[in-house]
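Across the two complexes that follow, subunit A remains constant while its partner is subunit B and subsequently subunit C.
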Partner chain A sequence: MLRKVLFAAAAAVALSAASVAVAPASAATLRYANQGDLKSLDPYTLNETTTNAHLGNVYEGLTSRGKDLAIGPGLAERWETPEPTRWRFYLRKGVKFANGEDFTADDVLFSADRVRAAGSNFTTRVPKDAKFVKVDDYTVDVVLSSPNPILNYQWDTWYIMSKKWAEANNAVAPTPASATSPSYASLNANGTGPFRIESHQPGVKTVFKPNPNWRGPTEHNLTEVIFTPINSDATRVAALLSGEVDIIEPVPIQDIQRINSANNVQVLTGPELRTIFLGFDQTRDELLESSVKGKNPFKDAKVREAFYKAIDVEAIKSRVMRGLSTPSALMIAPELFALSKDFTRPKADPEGAKKLLAEAGYPNGFEVGMDCPTDRYVNDGPICQAAVGMLARIGVKVNLNAQPKAQYFAKILKPNGYKTSFYLLGWTPGTLDSHNVLYDIMGCRDDANVARGETNLGGYCNKKLDALTDQILVETDTAKRNQLIKQAFQIGFDDYSYIPLHQQALAWGVAKNVKLVQRADNQVLLYWIKKD
Partner chain B sequence: MADIMTTPPAPEPAAAKPSPPGRYARFRDSDLLASFLSSKLTMVSAFISVAMILGALLATWIAPTNPFDPASVDLMNSLYPPRWVEGGDTRFLLGTDNQGRDLWSAILYGMRVSLIIGIVGVIIAATLGIGLGLLAGYLGGRVDALIMRVADIQLTFPAILIALVIDGVVRSVFQGLGREQTAFSVLVISIGLSFWVQYARTIRGSTMVEKNKDYVHAARLMGVPAWLIMIRHVLPNVIGPVLVILTINLALAIITEATLSFLGVGLPPTQPSLGTLIRIGNDFLFSGEWWIVAFPGLTLAIFVLAVNLLGDWLRDALNPKLR
Partner chain C sequence: MLAFILRRLFQSALVLLCVGVIAFALFRLVGDPVNQIVSIDTPFEQRQQIRKDLGLDDPSIVQFGRYLVKAARFDFGISYQFRQPVSTLIGERMPATLELTFMAALLSLVVGIPMGVYTALRRGSFLSGVFMSVSLIGVSLPTFLIAILLRWIFSVHLGWLPSFGRGQVVNLGWWSTGLLTVSGIKALILPAITLGLFQMTLIMRLVRAEMLEVLRTDYIKFARARGLSDRAIHFGHALKNTLVPVITIAGLQLGSIIAFALITEYVFQWPGMGALFLGAVQNVDIPVMAAYLLLVSFIFVVVNLVVDILYAVVDPRLRANMQAA
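Now for the complex of A and B:
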């Protein structure tokens, strides 16, 4: 009898032990698929939301943004501005990197140099002439040449790297997006964030594990996260429906209904702050990819206006985006600028566009190359194709070069010399403020000593707009500031600097046993995810 | 063809074979015809192949619109179902794709692209394979060993992998060029480089048999240079089986092209081939727009099946052991 009882007890213990060991492990492995790949783990290679979100699980900035996008403390516990040109950051004590090293002011100073070095895609994060002064191991002063009240607005994605680790691994210089061979920092990561990288195979999968040195608190219940890029829309949806993955981003617009009709998954939608737009090369004297030789047609505002009027955003909204986009007159989402309503987008007018082209001296149109990503924005490829068709109707032959974002960004960004003539891009201001758009996207990039215009791939330049941008930076009165912003946007609008298309909608496909936070900046952040 | 009649002038050794070479060609012709007429399946597949090839060649005149001309495509016409389905439009027989292209026109034009790429690719493969096979078989020794080992290595790479490598190289070398400019040559070269091995092996085998025959010896004694013997004397006698491989390979090449385009390394969506159309349609599999993937897929399947059946028949008809 005793034997039987003992045996039963042992069996019960064994079973429960087994179930304890198995259940949480399988339940808390999260599988996440995105349409695009995570190419480089170097946090200064590519300033792009998806990449920033991935790395935000591993690295931390001095500040952080909460579930409502409000700025909160990050690696800096608190900060103050004793003078308008001096900021003092008090760093958190006792923070360790994933490899066990202590985080100190030296790492901040190192990261400030690295983020502004050649090859970094984040040079606008920190003003070029800002001096970082180490007061003590846990206090850093930032001395500016002119006041900047929004200095730390996008420091949540200026990730702090370990000085020792970077020096030991020959990774002091940032990896440019155009790099053809990966650096140590692009294949490995060492951050202070809640996760660490267990393994990283670009284009195949990346495995995240909780960082044992994370200081807490821990809000997620995950023991492992497996990220896989799945480029094909149908495959991504099939993977979600079959339970092979728990989260997909984005959900192809045409499949939202299908996913919502399944009982184990759902689509979380919402407005996104990203503006999708088309840009022109307005600096070169001759376009890199065009039939027009000896001059640059895009330097003529009439040509830009013609392109603007040829593109029918309403058609793109109804046919390509199935209604899930908000056509935009501005380069910023209406949620981020109070006076957006004062601008209306002129109606598409192919006939007028044709006339404008003729007036500009191109009655028969011309030929131009166009760069377009295929796995970055919602329906990016089809939008470009639609634009090709619309421009063909005014006589412009567009040679579409649509490629995955890794190759696309490597071609068009600064490290490769902005090699594009006409392109599609999307932008969410990292500061969630108009200044970022006016500075990064619409600011002149002719002064090599200033980071202005880093993502102004076409080099649009209007000094009046730049002067307003500088005023906007220091203006503290909201009403006045909004008026200045309005004036600046009006200049960009009148110049036909860009062709804003729309704000796309967020659409994440999520298994019903997964609870997460969907921020309007479209960052899938693992540290708020709970899986039952 | 005159060579076939004149070059093997030695009737004595050939007498061991059943048919005398002089009337051989005519014999085979009538035989082929008889065998063709006796098989309904072959006739149907021949009819389908010819009809489809004609449709593709005459696309410019048959198709209601030109899907390669972006100006003729209106986005507002996108995603119409086929004409007979509710919500269809009379202008679009098989419906439209996500860009508003008429699917029927896109299939005709896409078929033409697929066919041209398949044919050119196969021609490259055949030329390369026949040349190397002749060299290997006729010269033997080290040349033979080298070529055949390269062929063995080549066989370990699938065609798709070779195409991906070539595509990658081309793209990094010619960065400024878009897919529209490079796609055609990349596809044709990849297909050519992937399929030559079969030809080389077949030709090498038959060449090794032929080169020891008396007419070759005779030519050599007369001082005819090796390359001339290979091309004018050996080649016409070993070319038979190649015709069969050609037919079957054409179907394979078209499938390979479709696969590559489906994977995104082939033709861009602005110049769709059948594979590109299937890829576009694949994105809409879950959302109810079945026609975008169904019709190009069906066209591809039927065409490849028809060509394959023709190839099978040709192989059997040309094989004396099966008669």
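Now for the complex of A and C:
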């Protein structure tokens, strides 16, 4: 009763408010809130999307990625490969760091050493044995031991630092994630990018100002950017609706309609590059969590096929994701692989799935445990619950262990010995290239000392696929390379190695007077934002 | 008196040690910090190196010992999330929490005590009925719901008050205050009401119950017989005698609003210690969690001590006991 009275009172107050009074922010100050935070200013400490995106406003790589993620010039104007193992980069002239120093080849050589030094979280950005040779002040050669067609794919987030600045401030060594005292570079930034950092209070507020030494052209019209991390979904949405911030990321799916029905804000959605999938333990002789003893049902491709066919991704899209997902046949987003259209996902077929289970020797199904995070991906918990229901229809009883990401990752990853039987995971290839997926997720992990298959938590293994992956690494002809990738994905597809579910959608809440570019890698980049 | 305080301080050291032991036992269950520090595609070798550097491979007892030795020198380590000294982080966040809790406590006392007195003296009046209903809402609705409701009305629909943050702050030395700017005070209103509402209703109901009890006692009857004014009876005698339990409860509640401001802080993105702690739990930031728990238990111990001393001030009979003990 009291509740009703209270809600009635609240509604009356709300209705009587004739107009929404919003304090207008000064024209070119942008206020932006994100669930995540800028965790370190040292660009080699932490390889993580939100941190990389923020630092991308301040630092630049030799290359850049455009609005459609295409690789373009950055601090290097152009480059060529005179021979397969030698790349030549021509650096931009007249570029200055925010503190006024000139950018030269020495800074590139310095950054190449620093990014590969102990403590860097970005060591894979540059091959260990690549030699950087200074040809002149504005030309750098990179000499490789074997051809590498995707050498510069991740160089947009290998940020170039100033040698002089680092040496003057005792920041030559990268700040490790485990640092016991904060280094100068982790509290200060000096890049060549369009913005500089005015102040940074971790977890509270970061203020960006335009870099006075930016070479231009300037596409944004901002004079100040105030970034606030806001963890709570409801608070972020309220801050946007009340006009206190101009951009929020992400918007929870259930709030999209409410935001769109307000008149001063809207939600921008688009496909994200991350693929959400289910994986099976295919290595142990007996599953850790199952009613089947003495053997591992997931070693039988028929059982995996039955699971595949029992999961109805269209139903997950319409019921769980409210239409905001793109069902996927591949373990990589279609934007990242030219031939992905050649693959189509088989329709859900519970009857066929039941038959397959019977053929495999489980006419009455079986029990299996499933690990699932609840705070990592969009609606991850509900997706798993939906999968449990769908598998129940073919007689498989899934005991769902839905847990916060801190416990989830501690249980299932390599340091704990991959303790899972059946799990949900999401993956964006860091290189935005198929090789990463084939190597990390689908590669055999039979040698514990080799990085191949480290995130292949179920240990799927097919040597033919591995052989193709090795060829893909060194093949420089794009058309040929795509064909090889297609063959490799086909093997994984035919083996029912994984059950790809979908690409989740990006959802950003944006005030209507703000124009921005929503890139599929979920980076909110300030230098393309205009505010009226 | 001094011996009493010293003994209590010694006891508090024991309490802190126990909290530390329990906390470290629980930290084993919160997950692997390395996964929260680095991204999922970090190579295994790098993960192992970080584990080693942080000393996470050592047995818990060794980790605990190391922590104690450092904590004794007020070195609480480096936050895994922010890579800054924990003491700096907590120092930066503490003014926000203390201002919020102080305002909430003030609100609960300044509004709660008069409301309690009024409802006790004017039982059955219309306004008493309103106060009692409001207090029922305050006691029964959970904090986060009140917060969301208040914000929905006053920031989203009316646009009068900010929905998150602390507004403009002014730095007075190491202390950052929001009390000197208009936006800072506006930002404080909703969180302070949210946090203080429960305490306010608690104090109001407590004062009311105690007043009713005291008003029935013999010395009040004698006071009336002596022909003292109502004002002197109600405030000079009755209210003063209700204050002992009120001080106990208000004192203990002050400790708990500092400790449990975290929900309010989380909902309003208030940059205080509670929000820092919640973030630390989500990210398995053990140094921050450990320091926060120690700090909170220390605050409880201090508050208890102050409450005991206040008893002596209010109730002369206790002074003699304390000296004897």
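Everything that follows uses one rule, which is that the second predicted complex is superposed on the first by the 297 of 532 C-alpha atoms of A that agree within 3 Å, B and C clash if a C-alpha of one lies under 4 Å from a C-alpha of the other, contacts with A are read in each partner's own complex, and residues count from 1 in each chain.
Here, a contact is a pair of C-beta atoms (placed from the backbone, for glycine too) under 8 Å apart; a residue touches a chain by one contact, two chains touch by 3 or more.
These numbers were taken from a predicted model, which means no experiment stands behind them.
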Worksheet item: Now for A:Thr45: first (subunit B), second (subunit C), both, or neither, which partner does it touch?
Response: second
Item to complete: Identify the partner contact of A:Ser181: answer first if only subunit B is touched, second if only subunit C is, both if each is, neither if none is.
Response: second
Discussion item. A:Asn121 in the overlay: touching subunit B, subunit C, both, or neither? Say first, second, both or neither.
Written reply: second
Worksheet item: Taking the superposition as given, does A:Pro271 touch the first partner, subunit B, the second, subunit C, both, or neither?
Response: neither
Worksheet item: What is the contact status of A:Ala238 with respect to subunit B (first) and subunit C (second): first, second, both, or neither?
Response: both
Worksheet item: If you stack the two complexes on chain A, which partner ends up touching A:Val204: first (subunit B), second (subunit C), both, or neither?
Response: second
Practice prompt. With the two complexes superposed on chain A, say which partner A:Gln407 touches: subunit B (first), subunit C (second), both, or neither.
Written response: both
Worksheet item: Where does A:Pro147 make contact in the superposed view: on subunit B (first), on subunit C (second), on both, or on neither?
Response: neither
Worksheet item: Of subunit B and subunit C, which one contacts the greater number of residues in subunit A?
Response: C
Worksheet entry | Overlap of subunit C and subunit B interfaces on subunit A (superposed complexes) | 231-232, 234, 238, 241, 407
Worksheet item: Which residues, counting only subunit C, touch subunit A once they are in their complex?
Response: 29-32, 34-51, 53-54, 77-78, 80-85, 89, 92, 133, 136-137, 140, 148-149, 151-153, 155-160, 162-165, 266-269, 271, 275-276, 278-279, 282-284
Worksheet item: Where on subunit A is subunit B touching in the complex?
Response: 231-234, 237-238, 241, 252, 254-255, 257-258, 288-289, 312, 315-316, 318-320, 369, 374, 381-382, 385-386, 388-393, 398-403, 407, 411, 419
Item to complete: In the complex, go through subunit A and note every residue touching subunit C.
Response: 2, 6, 10, 13-14, 17, 20-23, 37, 39-40, 45-48, 118, 121, 123-124, 175-182, 186-187, 201-205, 228, 230-232, 234-235, 238-239, 241-244, 375, 404-410, 413-416, 427, 430, 436, 440, 451, 454-455
Discussion item. Quick check: in the complex, which residue numbers of subunit B touch subunit A?
Written reply: 69-71, 73-76, 78-79, 98-100, 171, 175-176, 178-181, 264, 268-270, 282-287, 289
